[in-house]
Structure formats: C-alpha cells, structure tokens
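The chains carry the letters A, B, C, D, E and F, assigned in the order they are written, with residues numbered from 1 in each.
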C-alpha cells in the first residue's frame, strides 16, 4: 500500500481513483479512526442483525462553512445531525453510513481532525459508522469536505411520532436555548467575524428522546429545528398536521449573546439554526411530566412549554410578543442574511 | 442589552398605551406616517398596532432604502456584473429585490456573476485589496445614515491609491422625500414619526421646513417600541393641542445639529444630484447624492459605461401608493397571492422594513384571528 | 431603515481609528472615523460596522423617567 | 408555497435554506417524481417494517462528470451504484435514501431530468427512495449535482458472500463486457470528445444476483468492478482473502470500441470503470451452473469464467495474455489518464 | 483493429520465437537495447520475455520522454505556475513525475495551481482562446514524434495573433542520445531495437552514424509484439552474421527520409539547443530544440523569468543507470519498497513506459512465480 | 514512447486541415497539417491528435508475409 502523509499531505485526485491511493486513504484515515467490528468487515456493504419490528431511515448532507466552528466541526455535526433525525421519529439509532466528497487540495491533517471528531461523536453516542464511501472532486468543484450520513434505527412498540399528529390543544415544548449553532457559525464566517463565547449546541439527542418516549410514549411530534430555525420547524408541523400554533415569546429561551448578535445583524433568533435542540408536541396532560423528564437530562435542562396547538385553517404560527403584542411567525423566506435596514 | 431592553418593557408599553387611549379624541382619526421602515418593522414585530386605539392608524412612508430604489438601478448593476469582469459587492438586503422580469441580484449570482454580500463598506475595500487584478464595485444604497460609511470607504480608497475600487452610488436624502410627500398632499396624515438614525446624522433641525411649510407635527422617534409609543403620544398631544413642532423623542442619540463630522465627510466626497428617481415617488429634485469631481475616479458610473435602465413596474403592484402612504399593502390584489416574500413582485415585499413584507410576515394574524 | 444598535466601547485603537465594542458578549471591531470623541465605556450606535453616534446616558435616563411621567400625567 | 419555475429557473441559495423555497423545491421536484408511500410520510426519518434476520447497508457518493452521459446520468447511476453494492453482499435491496448537494446556478430543468431518471431507475429496480435531503452550495463550491445514496437490504438465510472468502481453487467469473461505462464517460468529457456508440452499462444487478444466489447459495465473493476497474476489484479481493489469482485475457470480454478507445488514449480496459458488471468468486464445482444461470439473465448474457484463485502470499493477480505471455495485473496506480507515451 | 490485431497474433509469435530459439547461438549472450519506452511497455505488457531464450536479454534505453526530463525542468514549471497567474497545460503523463522533495505537478495542482491536462497541443490553443485574460503555457515534452504537433500549434498561435500562448519547450532529439549511449560504451549491448514513431518522422537514414561509427546492428521496430519479435530475430541474424546495418522492420510507417513536411515544420519553428540536460544522461550537446528567434514571442522561457532549477536526484535511485542500460530496475534497492508507482522516487517509475514502472506493474510475476 | 495508433480516414476537411478518423467504432477529429496527401480510406498513425504518417498497405502486407517466411526459413 502506498503511504499516506497525513501531516503534510493534501487530497489528490488519485485518492478518489478507487486504486491503491484510495485504499491507503481509507485504511490510513477512515477505518483507522472510525474502527468498529462492523466496519472491519471491509466489504462494500455491511451486514448486521435485526429483530422483527419497525425501523427508520434518515439521511442528511452536511455542507457547513467554515468546516471548524466553535463547539464542533463538520465531522461531529454529520454524526449528530443524522442521529437526531432518526431520534425525532422516537427511534433508537443503531448505525450510520458516511459518504465523503473531498475537494482536491484539502489538507489531510484537517481531514483527520474531522474524522477523529466524527469518531468521537459516534463513540460517545454509541452509534457506529458501519459503512462509507469517499470521492474526490477537482479543486474548485467542491468546498473542502462534504459529508452525507444516513442513519437507521429501531422503533419500540407503541410509539408513533410523526409531524402530522399535532392536534389542537397539544402543548409545544422546546428543549432549551435556541440559536446557538447558527450564531456560532456566523461568528466564525469570513467577513463577518465577531468574538463571542457562543458555541454550537451540536449534540446527539437520542438519549434525551429515549427518556422522553419512555415517560410519555404518546408524544405526537418531535423535530429538530435545524436550518430555518424554530420558526420554520413549527410551520412545517402546522402544514403537515393542518393546525395552527400560538406561542409565547417570553417562554422561548434565547441567550443574551444570541440576542445581541441578532440585533447587530438584523436577524431573528427564531430563524437561526440549532443542532442540539428539539421541538416536541404532546398532549397537554403529559406536558408537565415530559418537562420534568427533559429537565433531568443534561440536554434538556432548559426545556419549557412555549405554546399550544390550535385549530387554524390558515396554519399560522402566531406569537404573543414579550411586549404584549401578537405577530405571525412565518416560514423563513429566502436565506437568513445579515441586514443593514 | 443596555439601551435596548429598557425600551422594550411591555408593562410600561401598556401603561403608555393606556395614556394614549385616555388622551385621544374618539371623535376624530389620527393618521401618523412612520416615515422609516425601521418604525414599520418595530410596529409589526412588537405588535404595537394591538395596543393602539381603533382610530389611530400608522401610515407607511418611503423610508426604506431598498424599497425606494428603482428596479432600473438594480438592472444596471446586474448588467454591469454580467458585461464586465467585476466583483459587485452589496449589502445582503438588496439581493432579492426584483429588478424586472423576475430577475434579481440573487439570480444574477446564481447565473454566475461574481456578486458578494458584504456587511460593511470596509468589507468592499478588503475585497478590492484582495483582488488587485479585478475591478470591485460597491453597490451602495441607503439614506443619510449609511452614506457616511460609504464616504469613509471612498476616502480610504483614495488615500491607499486603490485603482480597482469604485462605488455605484445610490444614496438618497430624507428631507426632500418628506417634503415631496407633504407637498403632494395625497397621504392625508396628521403627523410624522421622524427617522431615528438618519436624524442622528442630519440632526433634528433638518425637519424645520417640513413642520413650518406644511404645518405638520413631527416627532423624531427611536426605533424601540417604547420610543414609538411615546412618540405617538407626543404626536397625539401635538394634534390635540394644535401644535406643529419638531420634537425629539430620541434625545439619547439625536442632537439638534446632528453628527457634524459625518456631515463634513459626506460634503467632502459627495454632491447633490440635480434629480434622482425614487421607486414610487418618481423623479425628485436634489433628493440624492453623487460622487463629486474630486473623487470622480471612484465613481462606477464614470468608470464604466453604465446604462440607464428603465424598468416598468409590475402590473398590479401598488408599491408607489404604499410608499406614498396612500394605500395599505393588503389593498394590493397581488398581496399574499402572487406577491410573497419568496417571490416578491414589488420592492416593498423584500426588505423586512418594507410595508408589504412586514404586513405579510408579521401582520397576517389579524385576518387569521377573524377566521379562527 | 438603518439598523443600528448600541454597544459598549471596550477599547480604542487610535492608529486604525477602530474600537472594539461589546453587545452582551458579542465583541466586534468597528470604525470610529465618524466620531470625534469616544471613550472606553461609552455606548455608541453601530451601523454597518461604523460607530454613528454616542448614546447620551443622561438623556437616555431622562427618556426612561419621562415614560413614567407621561403615563402618570394628564395631557 | 412559493412557485418553482422548473423550465427557466436556476438553483438559488434559498433552495437550501430550509425555508419556504426549500419546501417548494422538495415538493415540486423531489417528492413529486420519486413519489411512493414511504416517502409520502413526510417526516425527517422514514418508517418501515422488517422481519428478524440479517440486513446490509451500503453508501456511495456519486460525483460524475459530465452529469449526462451516453446510457445514463448521475440520477440513474446513483440508484444503480448503491443497489449494486447492496446486491454484492447477496442481499435483496429494499430501500434507498438520497442526499443531494446542488450548486447554486444549476438548471432546475436539468435537475428535474436527473430526478426523473432516478425515479425511473428506482421504479424499474423496485427499490424506492424513501428519504432524502437537499443542500445548496455557492456557485464555484460544487459541480452541478452530487448525489449520495444509501441502500439497505435483507439477506436470506444461508448466504454468506464476502470479499474475504476467496479460496485457492475457486473460479473467477465476470458477468460481461468490461470498460463500457468508463469509455462512455470519457467519450463525453470535455476536451477529449470522440464519437462512439458505446453506452454506459449502468444497471441494477440485484435481479441477476438473486438468480445467482438462488442457484448457488455458497457464492464466496461478489463485487462490482467500478472505479479502478476489474483489475482493482480482483486485487481488492486478493488482499481481503489473502490469495492470488490467475486470469486469462482471452476470456475477458471487451468490446472492439472499448479496445479502440483504449489504444487511442493509452488506457487499459482492465482499469476502466463498470457500473453494470460483477465479478464473482465461487467454488469451481458450481461455476458451470452459475454461468448458465447468469447467461439466462439479460445482464449476464456474456458471463464467463476468466480464471481461478490460487494460493499466493504475494496476493498477485497474474494474467495470461492473449499473446501467450504472462503479466502482473496490479492495482490502479494514481488516476487512469490518457497518455501520449 | 486493422494494422494492430494482425501484429498481435500469439501463435505467429510463438512460431517466430521458435525461430529465434533455433537460430540463436547458445554459447553467447544477446543483449539488445530497446531504445524506446514503447518497446519496453510492449515487452512487459505482452510478456515477450517469456518467449525469448535465456541468453537473450532486453536492455532498457532512455527513450521515454517523461523519464529523461530532469526534475529541475518540472520544478521550474511548478514555480512558474505558482508565481505567475498562468494556466499550465500539459500531457497527463507528466502529472505524477517527481520533481524533488516529493513534489509533482499533481501536488502543485492540489495546492491550487491552475494546471490542466490536455490530450493534444491544439487543446492548449483552445484553452488560450477561451481565456484571453490569462497567460497559457504549454509545457511540451517529447521526442521527434511529439515535436511537430507543438510546432504546428506555435505556428497557428502566430497566425491567429494569440498573445497569451507560450510553450515551455522540452523537446529532445533521439540520435544524439543514442550516440551518447554508444560512445560511453557502458551499456554493453549487441544491437538496438530502433524507435518506431520517432523514425516515422526522422526516417531510417537518421541512424546511419550509429551503425557505422559504433558498428552496432539496429532494426527499426514497430511497437506491436510481432514487430518486436521479428525485429529481435533480425537483430539476432545481424549479430550471427556479423552485420551492422540499419534495417527497417517497420516499413509500413517508416520511410528512409521520414516525414519531410513535419521536418520542415520543426525547422521553421525550432533550432537546436547548444546543450540540454537529460535525466540520467547529463548534459548532452545539440540534443534538444528550442523555439527560434522568429517565434521567440511564443517561448515561455523568454516571456517569463523562469528559473533554472537544479534538483538533486533521490538518494538510492539508480534511474541514470537504468536509462543508460547499465542496470535493471530490480537492482535498485528502492524498487517496489520505497519506490512504487504510487510514490515514485524516480521518473522511471512513473510513465508506464518507464522501465521500473513496467517491471513493477507487469513484471513482478516472475519473482512471485518462484515463491508460489 | 510516442503512443500512436492506426485509424482509418473517414472524411477530410481541407479548410480546417482536419480529418475524421475511425478506430473500430471510435471516431475522432485529428489534424492533418503534418501530412501532404491523405485520402479517405487511408490508414494514418494518430499521435496527440495529429495524423503523423500514412500506413503503407503494401508494406504492411509484406511484413505480415515476412512473418510467415521468417518462421519457415532457415537463417
């Protein structure tokens, strides 16, 4: 096998050729760090055992810029992001697949950092990466590293979490502070740099979800408010379930720094991405129990009911402002970009 | 946030609002124009409407730099970005503004033009320094608040001898627009919430003419909700008492003579244009600035053969009437049907300060409430 | 129009005419070329990366007091 | 929802924002064409039922240039590529996930062509795309469209196909003509254009594999010789199983056009990618039966034994040339590039 | 493939080989240098070795343009691509050639230089036409076969008035290298398989000196395996009969005077260099061409301040001895250990025509067979 | 060195000095500037996109015959 100069080397087209250089990259970097019994099978597909029942599958492409940001990097993010989508069905995530698209010229040392961070996130979550693929695109036809992950999980009996189950009267719960991830990314984005202690909240939420569905198997909806933020997630749920929502600004936790950054840049925390938070819709009667279970978990300590589901043909999310007024909280339109006016 | 949170106190707001309810004459209508999009945004974002009496109405004004920029200016910028190998830098606010036939800077960027969003005029300078082999054009917009930063960048460019930096200047002036609205008399208003940050630069004395010539009460108002409500109360009192004065509610940031250093900087770099077209208001004399002869080297309109584009406004769009305070967004047939923030037909649907966008994004609950 | 927020001046750099300002834990470098006199501890209005004007703390306080007065007073 | 101008529109950053434009793209293009009952669930993760047993998972990133080539496009390729990796374990592919990374400025009309072709390939194969994700990267940070697909499948009892099972004495079978895909791609690559009737062999092989494992459950290895070609695949199997191979050039089918293009460009058909062929290692005694089953399937009509596995500590693939000599058939080194000398 | 397949007939090959076995004198050694990498490649690819008697040995020569290019020339090209904003176009064969300290054009490309692989000199012209604002440099290599296409491109560039196209010329000449090998006497050979496609251009008469001065049998041989075997038989017969002639086995493509139109084109654009460095052979007088004064505008070495780089060869690499026919690749301590096609230490491990690469990729079965 | 393959001339374009050649179903445009006289049906050696030389069909045939002679003849 050809040697891999991780310290000084760059990704070359040959690393994606499928030949000996590809094998060296996979052996010396990917399987080395992500190592686990299933991955070690070494075939193009990985074998695992399942019991009869219901499973779920979810996939996400991860294309974050910058690749390294306060509180994480694309490696850990790509693990958390897909674990969370699996968990948002109420399922227990089992395995991940990972496909890498590398840009020619990307530093192998940085790639190793990303893979190590991915391996750590996967180990911590107890969800191994069991199969993968790597391609290389020419310099100028990629952006360093893209990672697509797919997750599969098993769903315990009796659980039926879906975006179409919100009903008038249900409580709306959010698991904690919103906007941390998006602001952490913005703070490190070229041309916009500002200093802040804010870290991405990127985290795997399946442990929290496991506690939640155990306490309240009849949770109606779960969703992680990633791109588009809480506002967009709530609107998605309204659309799917054919309901409206009434939420209360005072009950939504936003850190002072996130508020500050939003004021500075003309953004709204409700539209800022999160990577370690969830929104939950449950029967009003179960809300208190859920909140107490969530607050007992390190990732749900600031969980709070932020509003209720209402019948509304227009499927609007309307927010009572801290101020005492009311306003529609719409889908994100276009991109969230810093404004000057 | 100091100097922010104190001015967002809901309890105080309700108490102040109660005072307005108390003092208002139920027999008459109070129509106050919030000249600035900033006020429009605050009114919708915080739901200030809900606190006001039925017979007090906020009327939107033309104070959103994105909304009043004619489509033709954007089209000219797109043409420039497409025909010459330039890097066009601009504030993100402009990216989605319709430039005719469904085009926008966003779409020109998607088609491959090198259009970059910046946060500050100094970022445009940085782009120019980093790309010495390419021409960098800063597509500048804004009222008097945003003009001094552009002037500062131009002065630095000259000091550094930057040969690849120019500005496509679209800076406009507030008082001429206000005088135009008042002189036309169409808007039918009883008072004006005066600009906050524009006034920081130009000073409260700049509005003397408006008040005296047209006998119009004017209160320079901060952008926080308590500022807006207090200023509204101050306007109610002027109306009730028959006064027509320039009052300054935003005293913590606005001096009578404004920021004279910023004014001097503008005077050094810019000169008034004889006439400038505003979307909705048409050609207004002496209502904008251009780069003066001393700094002509940095004028994109001089360096490049920029075409003067005339773009017909979209049929059915009543932006002009909205910007003049004559119509409300939901009087537009396109509102929330053909025209949405995702596919804006007029500029007022783009900026979150635009009256249509604010109404759409924040205000639709009213109609919803009646249905539910 | 003209999004501008008050932030506290943390430090000043006269050579580059910039200040480091803080807004509830968000620190950002801004240009001070539009202002003659700024001191550490001042609150300034930030717009497109420039300090536009100082917030006058006495007037700010007065405005707040006025809220109370207004709501109590009769017209 | 905002309208999608598929005819004239281009991909914009907003299509990846997670907001209303993203929803419009997904509804108007992806779910519309890929439509199936599972995808229609509309959640971030998709639910399905399984029986107890063994499953497999595999993933591939697809980054082909040009996106449209004779005999296929990145859409059909991304379906075939992953179905094949699942099938190469002997399993029956059940479901696919698809994650798209779109470059700002890419034509929506072309994107629709790709999604339609993906949908057709998936329908023909009977393997639905049940979940997906879409991201948009700035112009100049992607290459039109990248598609990562992940496939899962179920493995019947008694089957144990793996790259480490090749044994001395086993027969080596190849299912048909090699090199078609790679030459079809090269023929349409910018700067190298030549005219040819050669079409990519891109096809889903799970039907062929199903017939094969039914006939001979004890197949030792299956692999699709994609990147790096047959040469690299055989070397991979040698490495995994710790064996060598002796193959016969005369028994390897190569079309005249593929030979011609290779002579012209200084390439070797053994290193050219295939997307609808498989290599199979089986006990010598089963070879004849397998060949007859394969030849009865439209995708295995030219199946032939091309050599045998031998004990060889050096794990070399050695080929008897048509000419009567012998040479090592090594791993692909670097990239396969046209040569002038 | 017509004119290809007929010359790859295994049965005929074995019969011809049998003839060689018949005619060969078992008492002596026959050492024939295959001057060209094309022959090296064919010998390994088709396994011709296996058909030859034990006492007949092919000795590799310097006829691979990639192998004989000094690392310093590649480093100079990399420096150029990195220092100036040029597009460097080159044949793919060069991309992996070591340029010292583990660098290569491939790695320079990965680091961000705009290096493009082309298939033809006319592709380089197309790149220049498509990028009028950038300088396009064609990094040209090759023997007399590849030189006329470069000359043609330069002539077209002048006719079109292309101002952004230059050639970094590294074309070398076959006869001087052959004379050098023979004059040094180190190689210890009994005959030469002469170049096939070089001879197509320069003609069979170009080798008269080699034969007469050094009394060396030479057979111009086609690149197909039957061509090689037939030529080998012809050499065996010359040796056995004590003849030293230039014979032409490749008569279907090589005329005595070669391709005179191509020769005229080369003469129009190029002139001999007084001296040129060859990897392995050192400085050889009049062994390469450069662009002449008439076409100086298209000479990259004149347009750019290209540095003359001296790169020490890798310690342990015996490429020079391999290229001179003194040593075999597997006599190199780095062969197949530190030096592999993936991480070549010397140029002979890069091109599939390089003796080390051919031995590695195709030849290792011999040692493997003995082990198994 | 110098990879060159024989291909059949399918058509000629005198204006651009190019030929369309065919190699077992692979058709490619090549430059003919290095050759004086080419006819449709000729086989030419292709190198880096240029036709280098015509293959002489009579000599090619002779070579093939020679193989037979050589293998049969005594030295």
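Things to note:
Keep this in mind: a contact is a pair of C-beta atoms (placed from the backbone, for glycine too) under 8 Å apart; a residue touches a chain by one contact, two chains touch by 3 or more.
In this text the structure is predicted, and so the values were computed from the model without any measurement.
Listed by label, the chains that touch chain B and also chain C are A. The chains in contact with chain B and with chain D alike are A.
The leading chain pair by number of C-beta pairs in contact is A-D.
Over half of the residue numbers at the chain A-chain D interface are used by both copies of the sequence.
Distance from the centre of chain D peaks at C, each centre being the average of the chain's Cα atoms. Of all chains, C has its CA centroid at the greatest distance from the CA centroid of chain E. Copies chain B and chain E of the same sequence differ in orientation by 180 degrees, per CA superposition (steps of 5).
If you average the Cα atoms of chain B and of chain F, the two centres end up 73 Å apart. Once the centre of each chain is set as its mean CA position, chain C and chain D turn out to be 61 Å apart.
Look at where the CA atoms of chain A average out and do the same for chain D: the two points lie 30 Å apart.
Residue positions of chain C with contacts to 2 or more other chains are 1-3, 5, 23-24, 47-48. The set of chain A residues that touch two or more partner chains comprises 13-14, 20-21, 256, 259-260, 263, 266, 333-334, 339-341. Counting only residues that touch two or more partner chains, chain B has 1, 4, 37-38, 64-65, 91, 106, 119, 123, 142, 146, 340-342, 353. In summary, the structure contains touching chain pairs A-B, A-C, A-D, A-E, B-C, B-D, D-E, D-F, E-F. The part of chain E that touches chain F in the complex is made up of residues 1-4, 6-7, 12, 15-16, 18-19, 22-23, 36-38, 63-65, 91, 119-123, 142-143, 145-146, 148-149, 152, 195-198, 200-201, 222, 226-227, 230, 233, 237, 240, 249, 251-254, 259, 261-262, 265, 353.
Against chain E, in their complex, chain A makes its touches with residues 2-3, 5, 10-14, 20-21, 24, 104-105, 139.
Remark: chain E residues 1, 4, 8, 10, 13-14, 37-38, 44-51, 64-66, 91-93, 95-96, 106, 117-119, 123, 126, 142, 146, 225, 340-342, 351-353, 360-365, 367-369, 371-372 touch chain D in the complex.
Per the touch definition, chain E reaches chain A in the complex via residues 102, 106-107, 109-112, 340-343. If you check the complex, the residues on chain C that touch chain B are 1-6, 8, 23-24, 31, 33-36, 43, 45, 47-50, 52-57, 59-60, 62-64, 66-68, 70-71, 73, 75.
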